[in-house]
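Structures are listed in the sections that come next.
Presented sequentially are two complexes of chain A, the first with chain B as partner and the second with chain C.
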Partner chain A sequence: MLAEDCVLWGFAALFILVPLASFLVYGFFFVVDNSVVYRPTLANFVEILSNDSYRTTFFKTLRMALEVSAINLVLGYATAYFIWLRPPAWRNFLVIALAVPLLMSYIIKIYAMRGVLGTNGLLNSVLLALGIVDEPVSALLFNLTAVRITLSVVLLPFMVLPIYISLERIPNSVLNAAADLGAGELQTFARVVLPLSLPGGIVGAMFTFVLASGDFLAPELVGGIEGFTYGRLIFSQFGLAFNWPLGAALSILLMIVALAVIYIARRLGNPRWQR
Partner chain B sequence: MKRLRLLDVSLASVSFLVYLALYLPILLVFVLSFFSMRRGRVRWDTFSFEWYARLFSNESLGEALLNSIIVGVTAIIAATVIATLAALHVNARPSSRSARMLEYVIFLPFLLPPIITGLSLLIYFREIGVSRGLATIIVGHAVFVLAIIYRIILTRLNALSRSLVEAAQDLGASRLQTFRFIILPNLRMPLLTAGILAFALSFDETMITLFLSGTDGTLPVRLYAMMRVGFTPEINALITLILGFSIVLTVVFAFAWRRSGGTDNNRITRI
Partner chain C sequence: MANHETGGLAANQDLPLLRIRGLGVRFGTFNAINPLDLDVRDGEFLTILGPSGSGKTTLLRAIAGFQAPSEGGIEFDGRDIADMPINRRPFNTVFQDYALFPHMTVRENVSFGLRVRGTGRKRLNDRVDSALGIVGLEELGARYPSQLSGGQQQRTALARAMICEPRLILLDEPLAALDAALRRQMQNFLKSVQRQSGITFLFVTHDQSEATTMSDRICVMRSGSIEQIGTPRDLYYRPKSKFVASFFGASNIIEPCEVIDARNDVTSVRTAVGTFAVAGPAPEGGSGLALAVRPEAFGIGNGKPVNQVELTVVSVSFIGSETITELRHRDASLEFKMKTRSDPAASPPAPGSVLTVGFDPAECALVSGDRG
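Take a look at the complex of A and B:
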């Protein structure tokens, strides 16, 4: 028993807790002449909060992540619901088809989105062919909209799958009971199916928000200058700027937001009547 | 049941668009692995296996692929051992505070943005004087996939009847024997599911890895570096091959899973 505790907590401490703690502590250090000074100060946080461009980047990124989560919640719910209404054989196929894109390299997917969104890209060709636009739209790439679209596409499976799982867990007896009691289709949906499947949507929205707010790859590859997000700001501190303590301090703010979102999601996604 | 037609049609069209959006990038990569492109247009008269042929002479990609496999396999073996221990531990004492805490800690690296897991390990390794390399990447991946393996195994353990374990112990089996002959046979499918899922996650992990890799990068890190200096079309060939391989693996696995009659898969919604 004791040995087991030691191994598990030892691993957790060595590779999860102490690294997280050292990152938290680092946020209070500072850099002089490219080397870290190990003396605690609030200078990083004062700078972040007083620097306009850091603050705007922070809120711009959170807003973008929120928008992506909202769009994906709607698209994801509709898709999960559609899958759920199919006959069983179809369902399995559609779920697997949903998981397959997850197997393709994240980097490549983002890169391919350039080919889809670019001036000469697939989307423009389609729009031109359909006569929706007269000339290629260049506003689709290297801006924040491109980041939104790209993140939305790559994160969609993380929304559809949890919603579908919670839809599938609704017992048939519950649906039959609703029908027996004379509920119409819309009523059944609004008062039975939706409340029972919302926890899945909350989990999906949480995943989407946390992943979108911290992502730096999609913004870097399709975002251009306008798509300079908080994740890129953090990552740049560990590259050229070489200010690890500032990078850590910036990440602490991101972590606080992420933990708050996870906490809220746990609360909302696990309502008392389901426990 | 009578359904509202309009609702049906709009549901179907939204779903269609979602699937289309998911598959467009894949389709593009697939097409470009056979054809070349000029000024943003695919030239349909240029079908060839040239990019596939060139792929095999690209040593840096091969090396990166090998690194990815080494990292994935090692990280998953390590994470599976820890995750199984943790799941047994938590399953045996569901109301213990320490066990609940342990569960939270295990979930942290999976739930926090990858950028935070990556940079905290980077800072940690630097402070204890470990230089970046495959070993640091392996730790990062093991910590990252731990939660998903743990969750899948715990779900199965919780579904197992307590009386099985009690019966074994009444008959005089030691803890190790109980695990070996009673619990382990029941974990075969969940372990396989978890292993494959975790490998897929590890194989594609980019953000944590970027922080932890020195000169030896995994495939995504290599691709990231290549993308900044210019992308060669043999990448499309490589990705098509990997994707084809993964699809075959998924289909084979899905059939195996269905035949084994498993229904309680990873309950992501219960995290």
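Take a look at the complex of A and C:
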């Protein structure tokens, strides 16, 4: 057991922690004349926290991620609940159908969403056909709303699966017991099903938030100028400005937020009655 | 209640609390329950006893409403409830796995039935306090189910089922998950709660001794049908079939046997190992019969019982207060088991020796052989 543990931790350290640390350590260096000076400093962090445009992008992105999580919590819960109510044979099929997009290339999914949201896209066709709009709406693409919609759709499986799993774990006899004691369907849902499956929702919201707040591709491809997010900011430091130390410092801040969210979700998603 | 207040009408007082008529449950082509009738009397402790696959749990689930019957009717207190939704049925269930709500404390679990009915706080707290008092969990109200022992979870489930003061509680093998010592303790506890509350208990188990200790009446089920209903004494001393006889421990079955004489409430039967007298009248349709004798009915030689048979000792096992002797008849290859009080003075018979074994006509029963 001990030997296995050592091997496991050794691998984790060698392939995850060491590369990560050797990258993050750049956040404490700085750049002079396009070359990195390997002397420790907190200048990058001072720069980020005192610069208005960095701060604005940071909070705009966190807010957008929060919104995506909230939308997905509602959509994802409804989807998971719908699947859960199907007969068992259907359930497995639907869960697999939901998980298939997870195996597909991320960039293809985003291009697909671009096709849906575009001026001649599926969404506009539907809106036109239903008579909701008279001419195609161009406001569906290349803004922050497009990023919200795209991320909501692409990240939905991360919300649905944990909620579905926690619904699946509710024993049938517990639902029978609620009915047996006089609870109607609505009361059973509100008093038993919802509280027992909410930990799954919290885990899903955590996934969605962390993935949305750090995402770079979706804002880059559907976000336009308005959709300039923190992920794009980090990318620009590495890919455009060649300021690795600033990029690493920006990444460290995002990582702190992500770790904090994971910690909170662990506390909320593991209520007292489960321990 | 109304029946008792109006007094005079004896017929009304005999009306069963739960009346099942022609109830059947089919899964595809498989008959889980063949159409059957069953009456549960007000205030009794009735146990449905049977091996797994006998349909006992399906029957209970049909009564509770978790399983839609394929045919037949269920009446509760004179009202047809066969199509009534689960949450409207006027009785409650204790589940095999307790089915406590894991996210609620003991108090919240117990008060659930009152809360869904919108009972006021004062009344609710009084009722919960009294229910927790009955099951002895006053101190543990703030615990979550995961913090309770099996027995405590069991008590919580019982309090939860009792909180709405139902006239009938259904119990689905509630003791199956407990260890032997705790189970015995809970048997006594359940029985005393039932007696004191006067609530009718319909209890399902596969454990014959559990059914015998707790019940006023036992309904033995086998392959989806009722084999026999009666008091524990009835089933123990007067089983009607080979199945019930061996279920209740009358493991010595002598068959075939043929009625040769019946008078004065004593029936004489002829078997391959001799002719015996059996107390009671011969069963109707007297073919395909078997003679069932309890291991403890056998005695060695003395006392001159009416029925005697010579048997060879195969083995002797001493199990403390009792000694079990395995015996074989010399001609017919019939094996017998005899359970006697261990005697510190006498040495046990040696294997191979021949004993004259006797049993009383009142301690054996004529039963029907296997169906079909």
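Throughout what follows, the second predicted complex is superposed on the first by the 266 of 275 C-alpha atoms of A that agree within 3 Å, B and C clash if a C-alpha of one lies under 4 Å from a C-alpha of the other, contacts with A are read in each partner's own complex, and residues count from 1 in each chain.
Just so we're on the same page, contacts are C-beta pairs under 8 Å (C-beta built on N, C-alpha and C of every residue); 3 or more make two chains touch, one makes a residue touch a chain.
Predicted model only: the values in this text are computed from it and were never measured.
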{"item": "Overlay on chain A: chain C relative to chain B, clash or fit", "value": "fit"}
{"item": "Touching partner for A:Arg191 - first (chain B), second (chain C), both, neither", "value": "second"}
{"item": "Between chain B and chain C, more extensive residue contact with chain A", "value": "B"}
{"item": "Partner chain in contact with A:Ile234 - chain B first, chain C second, else both or neither", "value": "first"}
{"item": "A:Val37 touches, of chain B and chain C: first, second, both or neither?", "value": "neither"}
{"item": "First (chain B), second (chain C), both or neither touched by A:Ala99", "value": "first"}
{"item": "Which superposed partner A:Pro157 touches (first chain B, second chain C, both, neither)", "value": "first"}
{"item": "Contacts of A:Ala178 with chain B and chain C, given as first, second, both or neither", "value": "second"}
{"item": "Overlay on chain A, chain C to chain B nearest C-alpha distance, Å", "value": "6"}
{"item": "Doubly contacted residues of chain A, that is, touched by chain B and again by chain C", "value": "none"}
{"item": "Partner chain C, residues of chain A touching it in the complex", "value": "171, 173-174, 176-184, 187, 191-192, 195-196, 271-275"}
{"item": "Touch list for chain B against partner chain A, complex", "value": "1-4, 10-12, 14-15, 17-19, 21-26, 28-29, 32, 39-41, 82, 85-86, 89, 98, 102, 105-106, 108-109, 111-116, 119-124, 127, 139, 142-143, 200, 204, 206-207, 210-211, 219-220, 223-224, 227, 231, 235, 239, 242-243, 246-247, 250-251, 254, 258, 267-269, 271"}
{"item": "Of all residues in chain A, those that touch chain B in their complex", "value": "4-5, 7-9, 11-12, 15-20, 22-23, 26, 75-76, 78-79, 81-83, 85, 92, 96-109, 111-113, 115-116, 118-122, 152-153, 156-157, 160-162, 165-166, 169, 185-186, 199-200, 203, 210-211, 213-217, 221, 231, 234-235, 238, 244, 247-248, 251, 254-255, 258-259, 262, 269"}
{"item": "Chain A-facing residues of chain C, complex", "value": "64-66, 85-89, 92-93, 95-97, 99-104, 112-113, 115-117, 144-146, 160-161, 164"}
